[in-house]
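So the structure is just underneath, and the comments pick up after that.
In order of appearance the chains are A, B, C and D, and numbering begins at 1 in each one.
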Amino acid sequence: MSFNAADLQGVLPAIILSVGALFLLTSEVFLRNVRPAVLGHAGGIPTSPAERVEAKLPPGAQGASPSAVTPPDRRYQAWVAAAFAALGLWASLAQLGDPAIAIFNGTAASDGFARVVAAVVCGSLLLSCLVAFGYLEALRATRGEFYALALFSASGMCLLGQATDLIVIFIALEVMSLAVYCLSAYLRRGNRPAEAAFKYFVLGSFASAIFLYGAALAYGATASTRLVDIAAALRGGGSGLLWAAAALLVVGFAFKVAAVPFHMWVPDVYDGAPAPVTGFMAAAVKVAAFATLVRILLGGFGDPVAALGAHGWQRLVVWLAGLTMVVGNLLAIPQRSVKRMLAYSSIAHAGYLLVAVAAMAGPLPRQDAIGGLLFYLASYGATVIGAFGVVAIIERKLALSGAGDDLSSWAGLSERHPALAAAMSLFMVSLAGIPPTAGFMAKLTVFRAAVSAELVPLAVLGVLTSVGGLYYYLRVVVYVYMMPTTKPDAVMGERLVAAGLALIGCAVLVVWMGVQPGAFASVAQNAVAVFSR
Amino acid sequence: MPFHFANVLVFAAIAILFVLGSLVGGHFLRPHNPTAEKEMIYECGEKPIGQAWYNFNPRFYLIALVFVIFEVEIAFMYPVASVYRSFIEKGQGMLAFLEIFVFVAILAVGLAYVWAMGDLEWVKGLKQDVLKAAREAREQPRKAA
Amino acid sequence: MQGFLDNLIRHFGHDPATWPWTQFVYLGGMALFAFAVINFAAITAGIFSWAERRVAARMQSRVGPNRVGPGGFLQWVADAVKLLTKEDLVPAEADKILFRAAPYFMMVGFACVFVALPFSHRLVIADMNIGIFFIIAVTALIVVGIIMSGWSSNSKWSLFGAIRSAAQIISYEIPGGIALMIPVMLAGTLSTQGIIRAQGGLPWQWFVFDNPAAFVAFVIYFISALAEGNRTPFDLPEAESELVSGYNTEYSGMRFSYFFLVEWGNMWVMSALATTMFLGGWQIPGVSAATLDAATGGTAVALELLSLAIFVGKTLFWVFVVMWLRWTLPRIRVDQMMNMCWKYLVPMSFAAVAFVAVWMLVVHAVPALGLVMRAIMFVLGVAFTVFFVYRTAQNIRDTGDKFDFTSNW
Amino acid sequence: MTESVFFWIFAVLTVLLAAQVVLRRNPVHAAVSLVGAFFFLSGIYLLLAAQLIAILQVMVYAGAVMVLFVFVIMLLNLKEEEMGHERLTAWKIIGGASIVVTTGLIAYLALGNAYPTGLLRDMARTQPGFGSVKGVGQALYIASVLPFEVTSLLLTIAVVGAVVVAKGKI
């Protein structure tokens, strides 16, 4: 039994996050006993300074009559969750420089790539917790499960980033997915969230099944689930069964990353889920799914013959990327709901990310493509969490009645909330890929990598579709700044401290990554070393 | 080993033949003259109203779900339990114990959580009704007065 | 059994490895054994039905069935004949295919258990290396049969009974399964014969007295087995005062009898399993399993019969306890039943597994502690039994009742 | 020889019953067909020397998951009229055709050049205890600690998720 401290240290971020989740669940148990159903309005006695700041009377949200039994005060959970996310972020960043090692008998790896992925996931979680805090409080929907599930899913994502065994990948994938399914079903006002969760669950399970089938075929062909052994089998010539396995594995993850034609669930799910969850999903799930895709394709099928040959996966990925960019951008144009628009935009961004994946196929050095992918994921994460953070603030009132958002809610936002308006515009500009924001630098690195990998048509298509994307991103900016207000009370002005912090964080990151990409490039460089040959 | 499982197959086949044989054999011994009354569903002599296939209480579903999860847990525990002794004899008992312990502890948190959330309560619906009825009974004389 | 058949083939002057008809001999042997064992199960179930009525009658100061045969012993034959000649009704509203198929599922699930269930030192159909796990798995089929029968009847009583029964059986499968894990951990094998071999013939060598957690596990297993067999105090699925007869309400004649066959046959299964896992199985006091293996000729036959008698004796004792409980305890409520399972038995069984895991580590480090604990447990067990018998005798004396096995037969 | 006879019996019955699951209009009939399919599938696992998987197939799927399915079916209890008419749409034809093509393709690939090497079969024959409960137990302890522990996490998430989803309005 080879099992030592280095193994545990390797999965430290995942351990921290799951311990946090278990801690929250356990605290929920004692919550009942210690403070059973406090009568009155404001909930329990605030204990921490942060809670005292937030312990103002909640706005007159519907339903809760003063005589009704108020559930125990659960606001500490957001802060605990954020603390554990920060701890995970610290753990992954602290290990960044350590040498890459295989842990747990080669079922996982602790390397720069995994640590960057873990850092991005933990950062997304931290920001999302802050965004969710005020949102859930305003909707009076704070329950222990929310943050616990978010932490669980993040720990699954961290594991996905470092798994090098198909079984570990599958289990971590399910840890992540199950938690995210439940998060998207968390808030049930009206029918849309239920529909969203149902679609997500059914299609997600379908994708998992396809992945599992691929894993089974890979096992059948190589008698091992380790990616290393698959790579070894490929070097020995490979077999038809292995090609089928590769195709099924890619398709399974194409569902998860929402590549066209496996994107059907995205708009409904992004629209129906609570906005903070959507932000988390768009940022972190994408990171984890792409990280795993890269691990499988480069770790297991990384041989140039496997990638570029007649049956190579590069062709598949190129087609997926092209389709995804075109369809995502085209379908985003007619959307009236900002959430749906962002959903289609996330499909389009999956296309740009797939360009980076396609660029990794070649025999040329992959540093640019992998570094670009990671940079893109980080910048997209920061941007999209910020964007959905603003949507969450706008959505608070709408969500109570179970209605979806509409561009008209955004009209004249600049007059009511200049700061929010500025933030939203910044995020839209970044998503559109206009300098000096992170989005521009990200697209630049990815397309540059595509060009150097001799995928010029794909890069050109990417630039063209990005230009097309300007229309719907800037339309939001136009509504925010140039349209007269139609719904004067569309924004809830309370409990914005935490969300404000998160938005400031996102904005700073977006600008910083846009202005000084070099600071992040060195981090990415470390991560890239793993897959170099 | 295949021999052992062939036995299972044979046992299943013989069990089916046992039922089939006694039913077919009984066919020649028993009377058979069904009437509409005899073929009616038995509801203590009353005429049955409608079908019995209607929607069921979701708490059965929750119990079944929790059951599936713990059944899977048992399925994982048995292989590990069966080699626990050999690991102790190899002198790696502490490590083996920790592995089982972590596995069980994480699930125990889940069980404690379900318990604390009141989902193991079988009569929570009933309790609410009873409480409401009690409250109304208390209100009644006050209104009358 | 394979060895037995191999010997048989050799006896007729063939080599089982090369003889072309070996497989068919195997098949024939298996079918013969299967037929014998299933008939054994059916007959024991029948005898139990008579025994239970006699026991119940004795406990309620009645006489019970005593007309057919000596002491009414042949009552079950009369019942079987009656059921065989009763009209077989299938309700017009029922789902006819599933209604007819349900008894098959019950019987297959029930019969397959006997494949891995030992009877004596050599008498076991197949000593699988996954024995106990197999038994847990195939009993799951009985649930499918119950749900099918209840649903297909299209009767409210049947459906309620079936759903309740299914919920109960699946709930108690958890603590029961975890409790059976403890003998597996102690023995380090899943094979039923292997678990018996890991114990000994003398009571302090049984797993039930190995440590306190094992005793708790035995109690948990016994309670769970009662619940899984729908036995009182857990017979809510058949609560005649509210559900007529539960999931088998619409069944009549022979088809109905299979459900009862399975229910009474289950008493044997649960008691035999308790004997196997916790109570030393067929182990003969003072004779080690190795001695049994080495014995030949007449000694072997005698020892074999002795081990069979010991196993059957222990099993029948627990069958009697099950009947005793039925006529002593009242039926519990459905919420009490669920609470008991999920809030008491499941956490306790988890704790018991954890305790045994720690205890095994301790015993490995300090082997003497294991012996001390066994001795303490055994002394406590004896003390408890003596106390129990003393109190019972006292109660009987106080109420003026007297054992009278001579009259009213 | 015997092995392949049994394989074909099990395989044909599994596929037939699995088809019944999809084609049956009555959900309870479909569920019972699924039990049968699981049963014969476990027979195929036994032929592949995977005893533990075979037992789990019966215990977890035919036993536990089935009960869950049936409860859910009864929870919903769709009436005949709620299920709508059975229609043969273009999508169904495309779906059926793609199933046949994909299955055929994978079967062709599997039988083509990869399978006769029989890696797994060799493993089953050469490694003592391959697929047995103890073998899997050893593997869970030694090679697969990480998936083993993460599975526990997964099960806990499933419990929590079930509670969250089964709750009424939040």
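Here is the rule we use: a residue touches a chain if its C-beta (ideal position, glycine included) is under 8 Å from a C-beta of that chain, and two chains touch if they have at least 3 such contacts.
It should be emphasised that the depicted structure is a prediction, and the values quoted were computed from it without experimental measurement.
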- Comparing A-B against B-C, which pair counts more contacting C-beta pairs? B-C
- Query: Among the chains, which has its CA centre at the largest distance from chain C's?
  - Reply: A
- At what distance in angstrom does the C-alpha mean of chain C lie from that of chain B? 19
- Message: So the centre of each chain is just the mean of its C-alpha atoms; given that, what is the distance between chain A and chain B in Å?
- Response: 38
- Item | Chain centre separation in whole Å, for chain C relative to chain A (CA means) | 53
- Item | CA centroid of chain A to CA centroid of chain D, Å | 31
- Note on the structure: Among chain C residues, those touching two or more other chains are 129, 133-134, 136, 138, 151, 159, 163, 170, 189-190
- Message: Among all residues of chain D, which ones touch two or more of the remaining chains?
- Response: 51-52, 56, 59, 63-64, 67, 71, 74, 133-134, 141, 145, 151, 153, 156, 158, 160, 163
- Considering chain A alone, which of its residues make contact with at least two other chains? 1, 3, 18, 22, 25
- Item | Chain pairs that touch, as defined at the top of this document | A-B, A-D, B-C, B-D, C-D
- Name, in rising order, each residue of chain B that touches chain D in their complex. 1-2, 5, 9, 53-58, 60-62, 64-69, 71-73, 75-76, 78-83, 87, 96, 99, 102-104, 106-107, 109-111, 113-114, 117, 119
- Contacts from chain A onto chain D in the complex sit at residues 1-3, 7, 11, 18, 22, 25, 103-105, 107-108, 141, 143, 145, 148-149, 152, 155-156, 159, 165, 167-168, 171-172, 174-175, 178-179, 181-182, 185-189, 197, 217, 219-223, 239-244
- Complex interface listing, chain A residues touching chain B: 1, 3, 18, 22, 25-26, 28-29, 31-32
- Message: Applying the document's contact rule, which stretches of chain D touch chain B when the two form their complex?
- Response: 3, 43, 46-47, 49, 51-52, 54, 56, 59-60, 63-65, 67-68, 71-72, 74-77, 133-134, 136-138, 140-141, 145, 148-149, 151-153, 155-156, 158-160, 162-163, 166
- Query: Of all residues in chain C, which touch chain B in the complex?
  - Reply: 1-2, 26-27, 30-31, 33-35, 37-38, 42, 84-94, 103-104, 107-108, 110-112, 114-115, 125-129, 133-134, 136, 138, 151, 153-159, 163, 167, 170-171, 173-174, 177-178, 181, 184-190, 244, 249-250, 253-255, 258, 334-335, 338-339, 342-343, 346-347, 350, 353-354, 357-358, 360-361, 364
